[in-house]
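Across the two complexes that follow, subunit A remains constant while its partner is subunit B and subsequently subunit C.
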Partner chain A sequence: MKISDVITEYTPTIGIECHVQLKTRTKLFAGVGNDAREAEPNTLISHICLGMPGALPVLNSEAVHLASRAAFALNTSPQKFSKFDRKHYFYPDLPKGYQISQYDEPIILGGYVEININDRLRKINITRAHLEEDAGKSTHPAGKDYSLVDLNRAGTPLLEIVSEPELHTAQEAKVYSKELYLLMRYADVSDANLYYGNMRFDVNVSVSKSKELGTRTETKNLNSFRSVEKAVDYEIKRQVELLEKGQKILQETRGWDDVKQKTFSQRSKEDAHDYRYFPDPDIPPVVLDDKFIARVKNEMPIMPSNLRKEFLPLNLDKSAIDTLIDSINAAQFLHNVISRTSTENAKRIAVWLAVEVQSIVSTGESTWEKVKLDIDSFIRLSEMVSNNELSSTAAKSIVGELIINGGDPKKIAKDKNLLQLSDASELEEIVNKVIGDNSNAAQDVKSGEMKAVGFLVGQVMKASGGKANPNLAKELIMKQIGIN
Partner chain B sequence: MAKLSKEDVLKLARLAKLHLSDDEVEEFRKEISSILGYVEQLREINLENVKPTYQVTGLTNVMRSDDIINYGQNQIELLKNAPQSESGQIKVRKIL
Partner chain C sequence: MVNWDPIEKIVAGVSSGELKAMDLVERALKAIDSGREFNAIIAKIDDRARRRANNIDKEVSKGKYAGRLAGVPFIAKDNFLVIGAETTAGSNILRGFNAPYQATAIEKLESEGAICVAKANLDAFAHGSSTENSDFMITKNPHDKTKVPGGSSGGSAASVVLGMAPFALGTDTGGSIRLPASFTGSVGYKPTYGLVSRSGVVAMASSTDVIGPITNSVEDAALVLECMAGRDNLDGTTIDRSKKQYTDLSIDLNGKKVGVVSEYMGTGVEPDVKNAILSSIEKLKKTGVKFQEVSLPSLPLALASYYIIMPAEVSSNLSRYDGQRYGFSHPKAKNLEDSYNWSRSEGFGREAKRRIMIGTYVLSSGYYDDYYKKAQKVRTKLINEFSEAFNSFDFLIGPTAPTTAFPIGHKAADPLEMYLADIMTVAANLTGIPSISIPLPVSGLPIGMQIMTKQKNDVQLLAFASKVEKEL
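Up next, the complex of A and B:
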């Protein structure tokens, strides 16, 4: 049996849970620094983080604010009433013996993420998103019979975003994860640094031949879009293979081995956790009033899906749009450009951003945060191309100068001697010389060989050091040869 | 009255990480059954339009601003609360 022959008979169903680390200064329930990236173990801890008896956790208002922003990013509003619950389990990196989370009244219910699958827009519904504290980190020294626990990360605020099981391919799972990442960055609720695990994905996968869903597995802690795609792909194949052999899928939690590119069993859901949730008496409920909700809504920036719609009339190719959207600075700059100038200028500037600026950024010469993006200069530069004062090649070279050092594009063009020869009398001299030097080509043109015109224009461009206005050059050549 | 099985008690014990002797299992089976029976009386009350009580304080929105608080603590003092530690980390029985 070959999997590829039968896999199409099965419909995979995928739901994704994503833990987003919120970019607060301090932890969710303690006034202790939140940035554990470079900190020595257990230097960002307090009696609250250690779960000492009598410690009173107090909710960080900024976490509520950021979660509310995330709600709008997910095309919904935060719940007016939400509360915190204790989720009980024993693990050495969870000192209290329970995690403070939100069970039946989370801060976000509903909403959706819009994704583009093969040029079709689809809405993936969000079930819920809730606030909870992260656990600590344990390490296992080689050859030792003990483990070490660092609680710096214990209590870091997380927003767990749960999607409806509405994804059906590994590619869709990847696109959804990437879009969620963009939304969290645009909403500015997380540093969304995947390397540091600021966003971690758990994928629930099942396959079925009928309308009824199959038994699902959960593959946890994926920290890149690629691993989301690969893990889903692997799980679909593995499950179909088992079912084809007449075996059953175990409902279990699996891990992802990035080296072997395989999922592996971690624990079965047989001893499914009985978390014994109950309302946390330490944390009074959160009640958000209309004024707060309206204020947060008002402060939201323009989001990727709206930007893409705005960029549509510019007729850019998909990779250029992706490049621009990937860099919030580029996309927001273009958004401002569009409101200020013609479509022609906006499109030219968009391409400069996606190609010229992007190449400078990707070589590491500068970053999207550092480059100087001045609307007036960019529009003036584009207008110079429209007005034939500058060739498009020359303009591109000025873009580099503009974003690193800034300045007036016209002055830069002058200083670099890039202004086009649009003065007929100056250009005529060059044209005459070129025709004189290339009499054969001129003869060809005369006898109707129009291809030769291109050659002559090329020669004029060369002789002028790229400064000739090609349209004017062509006009003068034709005039000189005597064809109109 | 609610009757707990031996398995129920063992499950509770496992979730609470407690080791119980056979005698204790039987003892707790009776005790917890009677507690449950007592609480079960609440089922006789009609609670149709009553909101669950999440809190008895009546408080809402008890929050702090996102600022570092000096709790006057240091790592060495805090780690003394752990049974064992090693180079700034808490030492526990091997996990994996």
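Up next, the complex of A and C:
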């Protein structure tokens, strides 16, 4: 039996839980720094993070603010009433013996993420998203009889976003994860740095031949879109293989081995805890009034799906759009450009961004955050091309100068001697010389072989150092040879 | 026994230089030493207390203002985190724990010049009504050494009555300030829930834990509350303090409507207790106070509801004592599982374990709805019945406890019997209302009268209680 022969008989069903680390200055319940990236172990802690006797959690209102922004990014509003609950289990990196989370009344209920699958837009519904504190980090040094606990991360605010099981392929899972990542960055709720684990994905996968869902497994802690795709793919194949062999799928938690590119069993459902959730009596419920909700709604920036719709008339290819959307700065710049100038200019600028600027960024010469994107300069530069003052090749070289050093594009063109020769008298001299040097070609043109015109124009361009306005050059050549 | 002047008078003396804070501290420390047989104190904080007294005396001699509690020694129940002594909460599992930070209440009192001189004994983790559950020792009632002082703030109440300090701090989760006040003949004040920060106080049941003073008079209690009350950015459940000073005790008794809670005056109440209340009512009628009987039909369910909600929160709050970061950690444990099991098994006493078991049970899936959720429904009902009663009455009164202090060992073997001691106090905790126990003029063992009012009406309650105290 080959899996590839039978796999199409199964429908995979995938739901994704994503932990997003919110970019608050301080922790969710303690006035201690939240950026644990480069900190020495156990330096970002207080009596609250340590779970000292008498220590009480006090909710960080900025986390509520960011979660509310996330709600709008997910196309819904934050709940007017939500509350925090305690989830109990014992582990050394959980100092209080419980994690503060939101159980049955989370800050976000509903919403959706719009994804593009093979040029079809699909809405993936969101079940819920809740605020919770992260645990600390345990490490188990190999060969040692101790483990180490770093509580810097303990109490970091997380937003756990749970999707409905509406994804059906590994590719869809990847696209959804990527889109969620973009939403969180655009909403500016998270640094969304995957390397630092700012977003971690858990994928729930099951396969079934019928309408009834199969037994699912949960593969936890994936920290790249690629590993989401690979893990889902692996799980689908693994589960189909087991079922084809007549075996059962165990409901279990699995991990992902990035080296072996395999999922592996971590714990079965039998080990599941009774977390004994109950409302945390130390934290009053979160009540959001209409004024606050309206204010957050108003401050939301334009989101990727709207930008994509806005970019549609520019007729850009998909990879260019993806490049622009990936960089918030580029996309928002283009958004402003569109509102200020013609489609022709906007398209030209879009391509410059997606190709010229992107290549400078990808070589590491600069970053999207550092490059100078001045809307007037870009529009003027594009207009110079439209007006035949500048060849498109010359314009591209000015783009590089503009984003690094800034300045007036016209002056840059002049200084670099890139302005097109659009003055007939100046160009005539070159044309005459080219015709004189290429009499055979001129003869060909005369006898009706129009291909040779292109050759002559090329020679004029060459002789002018690329500055000749090609249309004018052609016009002058025809005139000189005596054809109208 | 040392008799302390009213706190205001002491402060006036220290502020004018007439009294030395150092002398007051020495006097308190001496009283603590001579009252050792009562087991009221777990530890003295002598060095730090003397340093602080010295500083205050220096400040005063320079003509500086030294605060509203300048030089006043006080004693904190040993579940308050205080720098300079261990904080044990009366438990073995926290033996040797040195607090790295201080309770907000302590900070606030110290910023007004008060000096903490000792930590008082308590039922371990405040679990109890007699102070017999302390893992260290049993506190004795100053009026009769064979009797309990009540609990769980038994050490605090006994220390005030023994003159070890002008006031002590206690915590009241189900009656733990008022019951010992009633049994020892002191004033015990439980403020509105959230009026005093719980930060830095070892949590028992977070939704009912309240911090309050145990004093010789209502006036003293009002001054201590005045210095502790208000919002704290380390406790999200704190509320704004009253704009009016808690020390403003002016009130006109004439025409005040007081409900006598019939559920608190029925069977099970000792005749002496009932008579003491009734004769006090008779006296007060002459001042123009209007008394009327009132029934709160859900009151008989309060205790049952409390003994579900409280252990649920206790089981959760005690999770942090796992032997990994501080407190007792079993020295023989070779792996994490054993460390958890053995540290907790040996570190916690019987009552803590009992409450962890009950709490874990009522929060378990499948039992949550039948126990925890139902208990919360009762709680809501109680809140409604009380607020309805406060539509008709300014205050509600009854005895603080159905009995006077009972003999040591009498109820220790039967937890249910012990739980019944809280029957008249838990409702105020479940509903978050302020309540005070003041001693009645009796010849035998002390009897306390409990006065309750609606939430945030602390100023009125203190004023009323102070007048009643004087009239009786």
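Here is the rule we go by: the second predicted complex is superposed on the first by the 484 of 484 C-alpha atoms of A that agree within 3 Å, B and C clash if a C-alpha of one lies under 4 Å from a C-alpha of the other, contacts with A are read in each partner's own complex, and residues count from 1 in each chain.
Heads up, the rule we're going with is that a residue touches a chain if its C-beta (ideal position, glycine included) is under 8 Å from a C-beta of that chain, and two chains touch if they have at least 3 such contacts.
Quick caveat, the model's predicted, so the values are computed rather than measured.
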Which of subunit B and subunit C A:47 touches, first, second, both or neither: both
Which of subunit B and subunit C A:274 touches, first, second, both or neither: both
Partner chain in contact with A:61 - subunit B first, subunit C second, else both or neither: first
Subunit B versus subunit C as contact partner of A:287, first or second or both or neither: first
Partner chain(s) touched by A:26 [first = subunit B, second = subunit C, both, neither]: first
Contacts of A:313 with subunit B and subunit C, given as first, second, both or neither: neither
Which superposed partner A:148 touches (first subunit B, second subunit C, both, neither): first
First (subunit B), second (subunit C), both or neither touched by A:96: second
First, second, both or neither for A:83, with subunit B first and subunit C second: first
Touched subunit A residues, subunit B compared with subunit C: B
Subunit B and subunit C footprints on subunit A, overlapping residues: 47, 50, 52, 58-59, 88, 90, 92, 147, 274, 276, 281, 283-284
Touching residues (chain side subunit C, partner subunit A) in the complex: 79-81, 87, 89, 94, 97, 99-101, 103, 198-203, 205-207, 233-237, 312-313, 315-316, 319-322, 324-326, 336, 340, 360, 363-365, 368, 372
Contact set on subunit A toward subunit C in their complex: 47, 50-59, 86, 88, 90, 92, 95-98, 147, 274, 276-278, 280-284
Interface residues, subunit B side, partner subunit A - complex: 11, 15, 17, 54-57, 59-69, 71, 73, 75, 78-79, 81-82, 86-96
Touching residues (chain side subunit A, partner subunit B) in the complex: 24-26, 30-33, 40-43, 45-47, 50, 52, 58-64, 83, 88, 90, 92, 138-140, 144-151, 274, 276, 279, 281, 283-287
